[in-house]
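Each in structure tokens, the structures are laid out below.
After this come two complexes, each holding subunit A, first together with subunit B and then together with subunit C.
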Partner chain A sequence: MSALLSVQGLTVSTGGKTLVSDLSFSIGAGERMGLIGESGSGKSMTAMAVTGLLPGNISVSGSIILDCQEVVGADDRHLNRLRGVATAVVFQEPLTALDPLMKIGKQIAEPVRRRLAREQGRAMRLAVDREVLDLLDKVALPQPERIANAYPHEVSGGQRQRVAIAMALACRPKLLIADEPTTALDVTTQAEILRLLDGLVRETGMALLFISHDLPVVAQVVERVMVLRDGIALEEGAVADVFGNPSHDYTQTLVDAARVFDEALGRTGS
Partner chain B sequence: MLDLRNVNFGYSRHRKVLTDVSFSVRSGASVGLVGESGSGKTTLLRLLLGLEWPTSGTICFGDDPLDPADGAFMRRYRRAVQPVFQDPYSSLDPRQKVLDIIAEPLQSLRIAGPHKDAVAQALEAVGLPLDAMQRYPHEFSGGQRQRIAIARAIVARPQIILADEAVSALDLSTRIRIVDLFKTLSATLTLVFVSHDLGVVAALCEEMVILEKGQVVESGKTRDILAAPQHPYTRRLLSSIPRMPA
Partner chain C sequence: MTALDLSADRPARKHSLALSIGLALVGLNVAVAILTLFWTPYDPLNASGGRLEAPSLLHWVGTDRLGRDYLTQIMIGARTALIVGTGAVAIGASIGVTLGILAAFATRLLDDVMAATLDILIAFPTLLLAMLVVAASDSASLWSAILALGLAISAIVARLTRILAKRVLRQDYIIASRTSGTSWPGVVVRHVLPNIWPTLSVNFALQFGLAVIAEASLSYLGLGAPPPNASWGRLLQEAQGTVYTAPVGAIAPGIALVALVIGMNLLADGLRDVGDPTRGRSR
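Our next item is the complex of A and B:
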């Protein structure tokens, strides 16, 4: 079986500066993989490249095969078809990812309408509305009707991120890309969102590409991780192997640092 | 050294931000103020910096309450208390040399110059080379900038450092080093460290105060609270923190 996403020799550069260098990895259907890196490691660049969202002044070479189609060099018409069907993204900051002037229900309705039109040839308004409420319910938002009628600024940060997840789910993508989806959230909210994401990914059988700088967070939701630094992949493997027995000094530094804070908390929290 | 008694505060009459907050910070202690967004931790810090005044209740420094009318006392207080902020990209003036940035508190507290020796000592204490003085903030990484901000905080030899999420914007590998620096400083200074990150506070502070929606729900020795959290919110906070796989 060919992989859902296969990245080969991906290099991203701009103005003579290489942001991602010769990166290769693949994700099979239903697989959950994490990209770990600190700022400037190229992890978000990689996600943007996969969705074909990099701005024109950034040059991309190598190959990204997503759902049997080449992303590198593809035009927007092709990419638009891939986006949604093959992949959807949840970004870090839900306040900037959502349109502040559009009611939440209407924002979620857009991808729903597109998918229904694609699948059934038409999108009946009633069917769209019902699906929007279903999605709000699925991401465990209380009073879906009220939320659908609210603007993004009227709900909390955690609720906004649930809305962003609902929008991504509305596409029923084969691969969900989550780029630091809980970094802007409080720790108690983060725990809820991680539980939600984990449950939804398992339930729908989507593949997941989870991008984060936070080692324990990554460990909670993925099976396999790749560690990036300065655009270069340092190592890749099962979470237990990479965190338990890092082969690269840099990974060891990260794991040690994470363990200092983890051990300071004692074992009461687990 | 700092003593808060029944402090209440609201930006408007109808919305209370802090309710009946009481705790004290002993001289030489390191205290973490822990809370999530909306807990009032930043407002509390603004009160401690003398940027806002309690609606009711008192904040004492030593034996005397902070009083906006007592200029001489407030000047003494401001000299004793120095802040470190979250974002070293916005808290340093990009058009000033590091020397002038670090010397700023000495100037505004009207401490007589020349300031170069004091700045050199501060740079040494935070582990930066002396030639940093003649450079500008943009030439430094995030962690180095935070070291500059810390150097600025300690240059006037304050008694208390008030740090507001001072390591939250830093990468993990940098964060651990800045936490170590704070730990070294806290051996000779009183440290009040505001953070949403319980892991950082646990690694750095001997005592902590847990805030929820403007109220203190629990306070005491970090070790004791972690071993046996009393309040349901503290327990929820602790169980929400993702842990490293064993």
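Our next item is the complex of A and C:
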């Protein structure tokens, strides 16, 4: 079977500056892969290129085959049918990823309605509402009815990120792209969200593209990892291989930095 | 299973004093305007008393130099003012919001051209534009005045919409919505319009007040509603000659005009607070 996502020779550039150069990787159905690198290394650019949502002034070349369809150069109407069915994205900043003037339940209802309409030909309001509450329950939000009737500013940051995950799940995508989903959260909430994501990905069998600059976080949720620097892939392999026995100096620096940080944490006893 | 009411209205918020006063002033105006459709104290076109009578129990605001009841004419003037304000804002809003949204989506070059055109239009004096439109049409009529003011408002609304929409379109939730498969028209209806509405509605209310003043100015200059339709501007102009002998004729339409415009501005202020659910939380 061919891969769910296959990226070949992806190059992203804008105004003569190359943001991602000649990147190739693939993700099979149900596989979990991590993209790791510092800010500006082209991680998020790669993710946006996969969804075909890069702004018009950024040029993309190469090939991105998502769910057997070419994304690069495809027109918007074509891509709209692909988005939500093949992929969904969870963003870094949970506050700005939700419409501040729309109730949470309503925001989740929209992708649900579209999916039900696609699958069953019509979407009954009652079925949509039930599904919305189910989703809120699935991402372990307390009192789903209350949350559904609340505005984003009325719930906490961790809860907002759970809502964002519920929105992504509402599409039942084959590939979930998580773009630094825990970076804006505090450490305890981070751990909870990671556990939640991990459980949901295993349970639903969807593939995961996890983007982060945080080694320990990536190591927790993915099987395979690719290290990016300045838009160039340095190395790729199983998590244990790459982090246990880095073949590139840069990866070694990242691993060392994470280890030093862990030791420092250990010394302070937290 | 609990049915979930996702479309329920927001809980009632504490209304500000500005909103209450604004609603009262505008509401009074609307009520009077509707009343004149069925009943007026006297016939607005024919004399019902002596010339330039002082206010009395029979004629609360007195009569004009032809012996017509002033109160009746001011009441009908309220109707004219509302028609002009509503019509101009409706025209301005529909053209302006459409253009503004289009500009927000346009390519860089087209967007720059539109922005520059709008700036030139806005720089052009509204009254002059209105006078040109009225002069170009066959006869001075209420509708040419409304059209002219609507066009002037549309430039202002378009520029505001463009800026607001651009800001909203940069937000993460737009990308989030797009990644879940929402089309651009869907994004505009579901996210862009609701998010720019609080600011737009305030602007509409302000433009309403300005349109009412502009129409009064046009009528004062003889370019607004032709004589059978009473307009506050024309009442002011007619009372000008007799302002020392019968000052009430100039004061009364002035007060009505100011009351409606202030009411609209207060309403705009109050609307801004009501339109935004994130307002009122501690920051």
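Here is the rule we go by: the second predicted complex is superposed on the first by the 266 of 270 C-alpha atoms of A that agree within 3 Å, B and C clash if a C-alpha of one lies under 4 Å from a C-alpha of the other, contacts with A are read in each partner's own complex, and residues count from 1 in each chain.
Here, a residue touches a chain if its C-beta (ideal position, glycine included) is under 8 Å from a C-beta of that chain, and two chains touch if they have at least 3 such contacts.
Note that the coordinates shown come from a computational prediction; the quantities given were computed from them, not determined experimentally.
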Which of subunit B and subunit C A:Thr251 touches, first, second, both or neither: neither
Touched partner set for A:Glu38, first subunit B, second subunit C, both or neither: first
Most subunit A residues touched (candidates subunit B, subunit C): C
First (subunit B), second (subunit C), both or neither touched by A:Gln161: neither
Which superposed partner A:Leu215 touches (first subunit B, second subunit C, both, neither): first
First (subunit B), second (subunit C), both or neither touched by A:Asn80: second
Partner chain in contact with A:Thr51 - subunit B first, subunit C second, else both or neither: second
Which superposed partner A:Val260 touches (first subunit B, second subunit C, both, neither): first
Touching both subunit C and subunit B, counted on subunit A across the two superposed complexes: none
Complex contacts: residues of subunit A adjacent to subunit B: 38-39, 157, 186-191, 194, 213-217, 219-220, 239-240, 243-244, 253-262, 264-266, 268-270
Residue ranges of subunit A in contact with subunit C within the complex: 48, 51, 53, 56-57, 76-77, 80-85, 87-89, 91, 93, 96-103, 105-106, 109-111, 114, 126, 129-130, 132-133, 145, 148-149, 151, 153, 164, 167-168, 170-171, 177
Contacting residues of subunit C [partner subunit A, same complex]: 1-8, 107-108, 171-173, 175-184, 190-191, 194-195, 198, 276-278, 281
Subunit A-touching residues of subunit B, taken from the complex the two chains share: 36-37, 142, 171-173, 175-176, 196-200, 202-203, 226-229, 236-245
